[in-house]
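Two complexes follow with chain A in common, the first pairing it with chain B and the second with chain C.
So, the complex of A and B:
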C-alpha cells in the first residue's frame, strides 16, 4: 500500500513538472500531399530530429534563465498558393513563434506578399510573423518582406562557380543547350535567369533551349532539337519526373553530351529512383552532401524520423539550430501573452545575423535576408550522388 | 517536311494511349450515359500496382508487370463501379459525376502516399530499339505500345460484336429498359463494363508508363483532360470515334508543339476541341440515339 502511495505521489509530482514545463512552438509547413509530398515529409522529419536533439540537450534558454522545450508541428500546403496563405494565417493564430517553410516557390512568392513589407510601417497591415524558408528556392524572394528569411542556396553563385569550373576543366567545350521545364517557377527561372546567364558569362555559347511541361509524357520533339544542336553541354533545369522522361528519350535517340548539368533540386533520391541509369554522370551543384561528421549525423538523425537528408531537408535542420541560437541571443520570454513581442525579437535576431553555422560550413547572411551557403558539386554514379568537386 | 512527318508519327504512335483512355470514357458513357472522371487516375493507379510485382519478384519481366497492371485495372474498375455508381442513385447525374471526381482525388492521393510522390522507374520493352529510314526514326517501344493498343481495341470490338456479353452490353447501351425486360441483368452488365474498361485502363496506364519510362501521380490530371477531349472529338459513346480521335489528338498535339512550342500546344488542342463543339458537336462518329 505504501509502495502504491509512493508511486501515485511520484506520478503526480512528475505530472506537475510536465504541466509546468515551458514550451516554444515552431511550425513547419510545406507539401505533404501531391506530387512533391516527399519534400514536406523530409522537412518535417529534419525539424523533428533537430528539435529532439535540442530538447535532449536541455531545450531553449529563455530570458528568465529557465529552459523551454521546442514543440514542432507541421502543416500541409499541398504546394498550393491559396492553401499556403491559409496555412500561414492559421499558424500566426497559434502560439507559434516562427514558421519554417514552404516547399514551393509558387507558394512562397504570394505568401511573402501578405507579410508586412517593412517593419514598423504603420500603414502596412500585413502579417507580422517571421517565416524562415528551407526549400522554396526561386531567386530573390526574401526581399518581398522584411519578415521573410531564407536559408536556401544561392543558385546564381553555384552555377557561376560550376560553369567556371567546367570552363577550366574542359577548355575544349564551347556550346550549351538547355532543357527547361517551362511551367514550374523554380526550374524556369533557374534556366532563363541563372544557368543561361552564367554559362554565357563563362564564355560558353548558349545555342538555345528545348521546353517541356512538368507533366509532359512525350519528349521526342524536344530531344530531336537537342540532337540537332549537338551542344557540348546539356543543362537540364527540370524536376525529377520530367527530367527522367527527357533523359530516357535522350538515351533512345542517342543524345550523349560531353557534360550533363542538372537542376539543384534534382540531386535527390527521386532522380535516382526514377532514372539512375540515364542520369549517370550528371553534375549538380548542391548545398548538402553527407561529407563530414556533422552532415552524416544530421542525415542519420533525420532517417530516424523517416526522412531523407538532402539540400532542402537539411536546410530545415539548420534552421532549427539557427532559431535556437536566435531565441537565446534575443532573450525571448516564452510567455504566451508576449507572443508578438517574441516574434518580433526573432525577426530582428534573424535580420542581425551575418554568419550562421551550416552542415557544410559557415553560411553568410546577406542584407536582403538570403543565404550564401557553402556548396559542392555532386555527380550521379551508380545509385548515389558522389562528391565530384568542392570549389570552396 | 521530315520534322513534320516525324512529329506526326511520334504523336500518332503515342496517341494510341490516348485512344485507350478515350475508349474507357466512351464505353462507360455509351453503356450508362455517365462520365467516369476517375478513369485516367485508376489507369495510372493500376500501372503503379503493376510495380508491386517487382517488389515481390525482383527482376520480373516487363510483360509480367504489364499483365499485373492489366488485372489491377480490372479490379480497380470494379471498385470504382461499386463506390461511385452501384450504391449511388443513377437518376442524379451530378452525384455520380462528383463521386468519380472524389475517387480521382482519392486514387491520386493513395498513390502519392504510397510513393511519397516520387517518380517510379517503369519497365519498358524494346526501349533500346530505334528503327531508322534515313533520318526518319521510329521508336521500337512506341511501336509496341501502338501494337498492344491496337490489339486491345480489336479484342474489345470482338467482345462487343461477337459475344453474348457484347450483345447484352450493346442492348443495355441502346435500350436499358427493353434489355431489362428481356432478362438482361443491367447492374451486372454495368459492373462488367467497368471491369472491362478497367482492364483496358490498366493496360493503357502500363503502356504510358512504359513509353515515358517513369510513372508519376502528375500524369492523371492531364490524361483525364486528354481522355475527355478524345471522347468528345470522337463522339460520346463511339468506340471507333475514340480510336480515331486519340490518334488525331496525339498527332495534332505534336505538330502544334513543333510549330508553336510547348507553351501554346495545349491551347491549340483546346481550340480543336472548341471547333468540334461548334461545328460538329456530336464528334467524328456521333452515335445514333436510342429510343429510350
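So, the complex of A and C:
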C-alpha cells in the first residue's frame, strides 16, 4: 500500500513538473498541398528539427532566467491568399509569439497587407503580429508592413552576379532567351524584373521569352520558339514541376543552349528527382548548399523529420535560431498574459538586427526588413547540385 | 475572436458570390462568368478607393454597377445560346476578363511609391479598412449588411411575380414563352442582377484581402460560385448560405488540421452531401 502511495505521489509530482514546464510557440504556415507542397513540408521539417535541437540545448531563456521549450505547429495555406489570411488570423488567436511563412508570394502580399503598415500608428487597425518569412521570395514584399520580415535571398544581387560571371567566363556568348512560368508571382517577377534586366545590364542581348503556366503539361510550342531563337543562354524562371516539363520537351526537340540558367527556387531535390538527366549543367544561384559542417548538419537534422534541405527550408531553420536569439536578447516573459507585449518585443528585436548568422555565413539585414544573404552558384551534375563558383 | 470575425467575413463574401449565381441558376442558365463580374467589381472599386481615394460605399456602388453593366452586356449575346453552349460562352468571357486583368497596368505615383494594378503582379495595398480604423468586427458587420440586404432582396424576388417568372423560365422556358414571358428580358435581367451582386462581392473581397491578381478570379472561383447554390439547393436563398458555411467553414477551415486528408475528404464529403441531400442541403419536402 505504501508503494502504491509513493508511486501515486511521484506521478503527481512528475505531472506537476510537466504542468509547470514553460513553452513558447512558434507557428509555421505554408503550402502543404498543391504543386508546391514540398516547400511547406520541408519548411515544417526544418522548423521541427531546429526546435528539437534548441530544446535539447535547454530551450529559450526567458526574462526571469527560466527556460522555455519551443513548441512548433504548422498550418497548410494551400498557396491560397484567402486561406493564408485565415491562417494568420488563426495563429494570431493562439499563444504563438511569431509566425514563419508563407511559401507563396501571392499569399505573402495580401497577408502582409492585413498587418499594420506602420508600428504604433493608432489609425491603422491592421493585425499586429510578427511574421518572419522563409520562402516567399518575390522582391520587395517586406516593405508592405513593419511587422513583416524576410530571410530570403536577394535575387537582384544573385542574378546580377551570375550574369556578370557568365560575361567574364564566356565572353563569346551574346544572346539570352527566357522561359517563364507566367502565372506564378515569384517566377514571373524574377524573369521580367530581375533576370531580363540583369542580363541586359551585363551586355547580353535578350531575344525574347516563352511563357507557360504552373499547371501546364505541354511545352511544345514554347520550346519551338526557343529553338527558333537559337540563343546562347536559356534562362528558365520556373518552379521544378513545370521546369522539368519544359526541359524534357527541350530534350525531345533537341534544344541545347550553351548555358542553361535556372530559378533559384529550383535548386532543390525536386528538380533532380523530376528531371536530373535533362537538367544536367543547369546553373542556379542559391543561398544554400551543404558545403560546410553547419550546413551538412542542418540538412541531416532536417532529414530526420522527413524533409529535405534547400535554400527555402534552410531559411526556416535559420529563422528558428534567429528567433531564439531575439527572444533572449529582448527578454520576453513567456507569460501568456503578456503575449502581445512579447510579440512586440520580437518585432522590435528583429527590426534591430543588422547581421544574422546563416548556414553559409553572415547575412546582412537591410533597413526594409529584408536579408542580404551569402550565395553560391550551383550546377546540376549527376544526381546532385555541386558548387560551381563562390562569387563572394 | 479576430479569426472568427475574419472567417465570417469570408463566408459573407462567398455567400454573395454564390447568390450572384443563384439568381441566374433560377432561370435554368449555368453561368461561369460570375468570377469575371467579381473581378470587375474588385478592380473597379479597388482603383476607386486606392487611386481616387473614394470612400468604400460609393466605390462599392460603382463596383456593383460595373459588374451589372458587364453582365448585361454579356447577357444579350451569350443568352442567344443555352445549356452547354452558354457554359462555354460564359467560361470564355470569364477567361477573357481574367487575361485582361493579367495584362492590365494602371499605376500612379502616390508619395514615393506607385500604386494601382500592375498586370500579372496584381494590385496591392487596397487597405481602406485598416487605414480608416475599421476593426475586423466593423468589417464583418459591413459585409454582412450587404449579405442580409441581398438575401432579403432575393427572398422578396422569390415571393414576387418576378420570382415566379424566373422559376417558370427555369422549369420550362417553352411553356413560359407560350404564356407571354419575354425570355430575353428575364434572362438578361437575372444575369444583370447576378452581375451586380458579384460586383459587390468582388469589391468586398478586394478590400478583405488587400491584394488582388488575375489568379484570384480563375475558373475555380467561377465553379465555386455555381457550386454553392447547387450544393445548398435552389429552393431558397438560405441554401447558398448553408453551402458556403459547409464548404468554407467546415471543409476548408474546420478540416485544416487534417493536412493532405483534407483534400480527399473535401471531394468525398461533397459527393456524400449531394447523395444524401440531392435537392440541396437546404431542401424541405413540400416547401
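Some observations on this one:
Keep this in mind: the second predicted complex is superposed on the first by the 383 of 392 C-alpha atoms of A that agree within 3 Å, B and C clash if a C-alpha of one lies under 4 Å from a C-alpha of the other, contacts with A are read in each partner's own complex, and residues count from 1 in each chain.
One rule holds in what follows: contacts are C-beta pairs under 8 Å (C-beta built on N, C-alpha and C of every residue); 3 or more make two chains touch, one makes a residue touch a chain.
The structure presented is a predicted model; accordingly, all values stated were derived computationally and were not measured.
Of the two partner chains placed around the shared chain by superposition, neither chain B nor chain C is touched by A:53. By the touch criterion stated above, A:188 is placed in contact with chain C alone, chain B being left untouched.
Of the two partner chains, neither chain B nor chain C is touched by A:351. Residue contacts after overlaying the shared chain place A:125 against chain C, while chain B stays out of touching range.
By the touch criterion defined above, A:144 lies against chain C but remains apart from chain B after alignment on the C-alpha atoms of chain A. By the touch criterion defined above, A:110 lies against chain C but remains apart from chain B after alignment on the C-alpha atoms of chain A. In the superposition on chain A, A:92 makes contact with chain C only, while chain B stays out of contact range. Residue contacts after overlaying the shared chain place A:82 against chain C, while chain B stays out of touching range.
Shared contact residues of chain A with chain B and chain C: 33, 182-183.
Contact residues of chain A toward chain C in the complex are 32-33, 75-76, 81-83, 85-87, 89-90, 92-93, 106, 109-110, 113-114, 116-117, 123-127, 144, 182-183, 185, 188-189.
On chain A, the positions that touch chain B within their shared complex are 31, 33-38, 41, 182-183, 211-218, 220-222, 224, 240-241, 244-245, 248, 251-254, 269-270, 273-276. Chain B makes touch with chain A in their complex at residues 3, 6-7, 10-11, 14, 109, 112-113, 116-121, 127-128, 130, 137, 139, 141, 208, 211-214, 216-219, 221-222, 253-254, 257-258, 261-263. Those residues of chain C that touch chain A in the complex are listed here as 1-3, 6-7, 10, 102, 120-122, 124-127, 129-136, 208-211, 213-216, 252-253, 256, 259-260, 262-263.
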